[in-house]
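Here the chain labels run A, B, C, D and E in written order, and each chain numbers its own residues starting at 1.
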Amino acid sequence: MSALIEVDGIGKRYGNIIALADVSTSVHPGEVTCVLGDNGAGKSTFIKILSGAHAHSDGRLVVDGEERHFSSPREALNLGIATVYQDLAVVPLMPVWRNFFLGSEPTKRFGRLDTGLMKKTTKSELAAMGIDLRDVDQPIGTLSGGERQCVAIARAVYFGARVLILDEPTAALGVKQSGVVLRYIARARDRGLGVVFITHNPHHAYPVGDRFMLLRRGRSMGDHPKSEITLPELTALMAGGAELEALSHELAAELGQDSAVAQELSSEVSELKTK
Amino acid sequence: GCSGTGQEKGADEASDLDLTYAIVTHGAPGDAFWDRVKSGAERAGKDYGVKVEYSSDADPAKQSQLIDGAVADKVDGVIVSMANPDGLEQSVKNAVAAGIPVVTINSGIDKWKEFGAMTHIGQSEEIAGQAVGSRLKTAGWKNALCVIQEAGNVGLEERCKAVTSTMGGKVTNLQVDGTDDNAVQATITSKLQADKTIDGVLTLGGQYAIDAVSAVGESGSSAKVATFDLSADVIKNIQDGKIEFAVDQQPFVQGYAAVTALYLKSINGNDFGGGQPVYSGPAFITKENAEAVGKFAAKGTR
Amino acid sequence: MTAVAADERVASGGALGRVLKRPEVGALVAAIAVFVFFAVATDTFATASGASTWLRSASTIGIMAVAVALLMIGGEFDLSAGAMTGFTGLAVGVMTTQWGLNIWAAMLVSLVLALAVGFLNGLLVMRTGLPSFIVTLGTFFVLQGIDLAAVKAIIGQVAIQGMANVPFYSQPHAVFGSAATVAGGRIYASVFWWILVTAVATWVLLKTRVGNWIFAVGGAQTSARQVGVPVARTKIGLFMTSAGAGWLVGMLLLFTTSTVQSNTGVGQEFIYIICAVVGGCLLTGGYGSAVGAALGALIYGMTNQGIVYAGWDNNWLKAFLGVMLLGAVLLNEAVRRRAERSR
Amino acid sequence: MTAVAADERVASGGALGRVLKRPEVGALVAAIAVFVFFAVATDTFATASGASTWLRSASTIGIMAVAVALLMIGGEFDLSAGAMTGFTGLAVGVMTTQWGLNIWAAMLVSLVLALAVGFLNGLLVMRTGLPSFIVTLGTFFVLQGIDLAAVKAIIGQVAIQGMANVPFYSQPHAVFGSAATVAGGRIYASVFWWILVTAVATWVLLKTRVGNWIFAVGGAQTSARQVGVPVARTKIGLFMTSAGAGWLVGMLLLFTTSTVQSNTGVGQEFIYIICAVVGGCLLTGGYGSAVGAALGALIYGMTNQGIVYAGWDNNWLKAFLGVMLLGAVLLNEAVRRRAERSR
Amino acid sequence: MSALIEVDGIGKRYGNIIALADVSTSVHPGEVTCVLGDNGAGKSTFIKILSGAHAHSDGRLVVDGEERHFSSPREALNLGIATVYQDLAVVPLMPVWRNFFLGSEPTKRFGRLDTGLMKKTTKSELAAMGIDLRDVDQPIGTLSGGERQCVAIARAVYFGARVLILDEPTAALGVKQSGVVLRYIARARDRGLGVVFITHNPHHAYPVGDRFMLLRRGRSMGDHPKSEITLPELTALMAGGAELEALSHELAAELGQDSAVAQELSSEVSELKTK
């Protein structure tokens, strides 16, 4: 199947700051493309280009075989690209249900909002994620960080037409909610959507991902299909092998050898070495 | 600008002299009265072939800056309305010291001489107000409203005060928001409803007289209406008997005569007024003479 | 488990709590307080003829306050709104009395002009990214200059004269300037227009998609953009709405008083903003209500006239107004906090 | 690896870029443009005596604009700032000419009154959580009422007269009202005060702890509170600063023209805000500069006076002002964007 | 050693919403108290009470043996309680270095800010966390989510005197940075500070924590010393045993039995059952 989105040597500058340079990858229907990288590596910048929030400064962005230069997220949305932004894109003072449908409100006759449907849908979609809201009329600004995250995800999943982009959706979530989100991603993939999934957690990325793109200081460190990379390799790549090893030693010294993090790190380092 | 005052040249052609006069008033832009002063000055400028530059600011500090600016610009004469003489003293004296002839208009009749101005043309708020007051007394007004359309305006306050001094009866000042005629009508109506003994409404601008007429009708009061300043609608209302009379302060005269005074000084060294102030009004427009001034009012010069 | 009515994490509440949470509740209480105060303190205030005057003075301000409130909820200001009321009225006056244009045609041209200015305001704000406070201040100055200089140049004076003699004057007069006698008091057309505008604005805000967008662009413009709200269109529409309201008020003024002058509406723009804020709008956008703004105008109108009825020294008018304003807003705030606590 | 000068993620830049990024850069370019324009278009503008007048008219506005800019950076407005200049001047005038108080004592009392009003403004804003726009509007109305009614009641007119005859008048006159002749032009004391105020404000903003707090409380009040910034003290201090500046300008006006009127300063409050915004302050707070505000006042003063020198029809004054303002701000914005791009 | 902070039956309402009710625990010097719980459980609310950002509505808060009712974070800071808020408490338009020292600026003579020291310290403290900023003069709002998080943590660690409170500090961080933060926590503990550490990740909590408090729908589900609880128990408690099991089955079905998340979940569930 042909690619939904193809990026070729794409780059973005903010003033004289080069946040992203020369990144290429593609998003295919029924596939999950994971983007991984350190803090400040340019992951959010990358997906903001795909979703139309920022226009790219260099390179080519091809959607459905046609070169595009989005000037607003609306254009991307109209092409069926739905996004969960890291900063969530919610309007704090507005009730949860109005936020959920913002920009795609269902209406009845005479342009009247179908408020009944809106409230009901919001409640049920959130309940399906394991978020049990007291009141969908609450301003979204009063929800907890994780609850807000879930609203943003539920919204994107609900409206996601062909491409679903998620920027660190699981960062603020507990074990259970993270599981739910991973399930959503898998389901979206199975329905034939192309998914772009950004995360810091290789354990979240590996099971659902089909290809893995690594960013480092604004540049791509490679774009690997799942068949070519293992979870430990992925983890090691993310943090940089040598630095990781040093860190695992330090942690072991400070937290004790039985520390889960130290163990995890050292096992990954050793796996990496044996390769 | 042009240097030299032209005093020594005798009765030259003005166009040769390239004369410029600055007129600096305390009127608010768009105020009907000051608009006519401006029209008069500009008409005189056209008639004599001299340049007239009008500027205004109600704040004495700003007004004095405008005068300083004109002096810096080396104009050939300055016309000033001195609503707040203390605030302009320094600037007027500076102008005089720079050899620029100064004519004061409208207000400042007590101070022009002291400050070294050539003459004073006009009719101060005080004189106009007092004249109106005695006329209202003759008309039998006992409890009048004096409608002030701009809060804190020195000239308007003085007018009402002068009316009070000669009318004899009770005069209540009523502040209205002059930029909202709807509110002006409502406020006058309210006042008439609240105090049924009010037998007359004096407005300080032609526009507001029309509002007052409506308000009187609406409140069912039998109060009479009189006003300062003219407009076509005011004339019509006078003819219909809805407005008793209007006071024409003849602002056009103040502007025109002031330029004339400076012009005569420039071309011929004349001292207009001979060291005395010159009065420009007031004239009273009633049902009898309304017809005659109607066409000038329609043109916006009276 | 879905949340049911009896969630242990919700202390109490109910329908009343929900009503008390609306932004306009405080203004309503304050309006009632002001009304009661003047009704008790003066004889005429609470009579039909008394009500007629304060309703009238509140009505034109109220219409503008509602439009300005929509714009403020959308996160923008319109300082040209006041001058616009004069501009539209003067335009009609000049076109009919001087150029002999048909009165309805003149009104239409005036409306088109107003909307064009509104559009320009919006376009400039969206294109340049400048604060609307500055852009509309520029338009305000320009309109004020036109109102004065162009009108003076054309008709030779600074107020429209002889409007009542224009052919067909009575037709628009009936629509915009007439008054109906209700229970012994004269209720002007502007009051009905005010109610209509408030009702429509409320409906749009709460019940339509556009209303949702207005709250969103004011509350968090970037977020709204990111989820696909047409930010520019919404905001430009709001600027055109406030210009359109300026036209409506211009017509109401022109046909009620049969004249407008060059300085009509100058300085009123802040009164509209004040009314909107008293009515619960946030200056920073994203929160407020049309009914609240209308109530704000009512408070302003009642205070203004009430002081006259009470016969207080008129020089203190502004001081009273200031104290009343502070009082109303404090009461407003107290009520809102209470409502939020006991929601 | 620590970041070194040659980070591959930084395209170019340098010291110039850093300067170009300051908020006041746009205003500086705009000020130069306005100056050049009028210097070319008129004869007198660029002469010493011409400069003397526009510097003077910019100076008092500039002092207030700087104080108001500080407040705006701190996220608040002060609409009572304009009326405060009249209030303080009138207070001194009444106390000396009517009650025969020593002139320095009267000035001190007036300063204390001003600071008290500023303190009250700040306290009300912080305690009630009301927007400062509304609170200071209330104070504005009250001050305006006092300026009019109280002054009229005491001295029987609405302007102070005979100030120059007050004993020791010459002492404060020397400090606040005198002028020095520099290169043939008279430079008023207010100009020096303006420069001083701007310098002090800039130093405080950029080089002291309090300056850091001002940016913080305006940029994100909750965050500032959370990291321990004394939000209430900072904001109340800012309100008192703007009231204090109002007193200074009141004295400058009083001793330069030897009079003030009841309506002195009314309506100026928005000009201060405009100057601050033209100078690069954000209306929403957290960003701006004192020098920018001073430049904004300079642009305003030059434009106002330049139009007069150019001899343009006074009726169009406002329209010209509007166009100039928009032009200056657009230029300002363009420069800033360019600076940011090529930083 | 006596407790630095003791909370007893503490509760917080927002209007009629009860965000927290009847929670008791204590913070001891040289100990890490972990607070865990689902999204919206009230974790942030809890620490906002400790740090003075919100006043509690019910119960008692005792600091150094004295009952307190903080009305501002300044009071808590003065008692040596430094906090990293989930929403970071930064001023977006201000440069990074000004943000770092905000509220505790070092000054030279005449009250002049010691800008040199401020910039240098900011740069070095961030470098120590592995964040290599281009320019400490950049407005902090232009930093990536993780970079901002690191600034907030570095600041609290730098100024933390006796108690350090961290609200999900590792959520937005990559593997490496997370490791660094855990190391910081361990070091702070070793220096004798009391640490309150909120996280969703039991793998981050367990190695450094000394006692674990679980919140659920605003109520405490128990306060366990490390000796009484194992990592799998902790994980299971967090997500709720039965729900977790169901989820692990679903995930296994959808992502395949080899999915790391599914495995992780099921292993934890089984461990829980054998107990």
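Quick notes on this structure:
As a working rule, a contact is a pair of C-beta atoms (placed from the backbone, for glycine too) under 8 Å apart; a residue touches a chain by one contact, two chains touch by 3 or more.
Being a predicted model, the structure only gives us computed values, none of them experimental.
Of all chains, B has its CA centroid at the greatest distance from the CA centroid of chain E. Look at the CA centroids: the one farthest from the centroid of chain D belongs to A.
Once the centre of each chain is set as its mean CA position, chain A and chain E turn out to be 23 Å apart. Each chain gets one centre point, the mean of its Cα atoms, and the points for chain A and chain B are 73 Å apart.
Computed centre separation for the pair chain C/chain E is 48 angstrom, with centres defined by C-alpha atoms.
Note: centroid distance chain B to chain C, computed from Cα atoms, is 35 Å. Residue positions 9-10, 148, 152, 267, 282, 315, 317-318 of chain C are each in touch with at least two other chains.
Taken residue by residue, chain E touches two or more other chains at 17, 87, 134, whereas all remaining positions touch fewer.
Multi-chain contact residues, meaning those touching two or more other chains, occur in chain B at positions 29-30, 151. The part of chain E that touches chain A in the complex is made up of residues 14, 17, 37-41, 43-44, 86-87, 130-131, 134, 138, 142-147, 149-150, 168, 171-180, 182-183, 186-187, 190, 200, 202-204, 206-208, 231, 235, 238-240, 243-244, 247-248, 250-251, 254-256, 258-262, 264-265. Contacts from chain A toward chain C in the complex involve residues 51, 53, 72-74, 77-78, 83, 85, 87-94, 98, 101-105, 107, 111-113, 115, 123-124, 127, 132-135, 137, 155.
Those residues of chain C that touch chain D in the complex are listed here as 124, 128-131, 133-135, 137-142, 144-146, 148-149, 152, 267, 270, 273-274, 277-278, 282-284, 313, 315-323, 325-326, 329-330, 333. Taken in their complex, chain B has these residues touching chain C: 28-32, 35, 151, 172-175, 177-183, 185-187, 189-191, 193-195, 206-207, 210-211, 214, 218-219, 231-233, 236, 298-301.
Every residue of chain B that touches chain D in the complex is listed here, in rising order: 1, 29-30, 38, 51, 53-56, 58-62, 64-66, 68-74, 83-90, 151-154, 157-158, 161.
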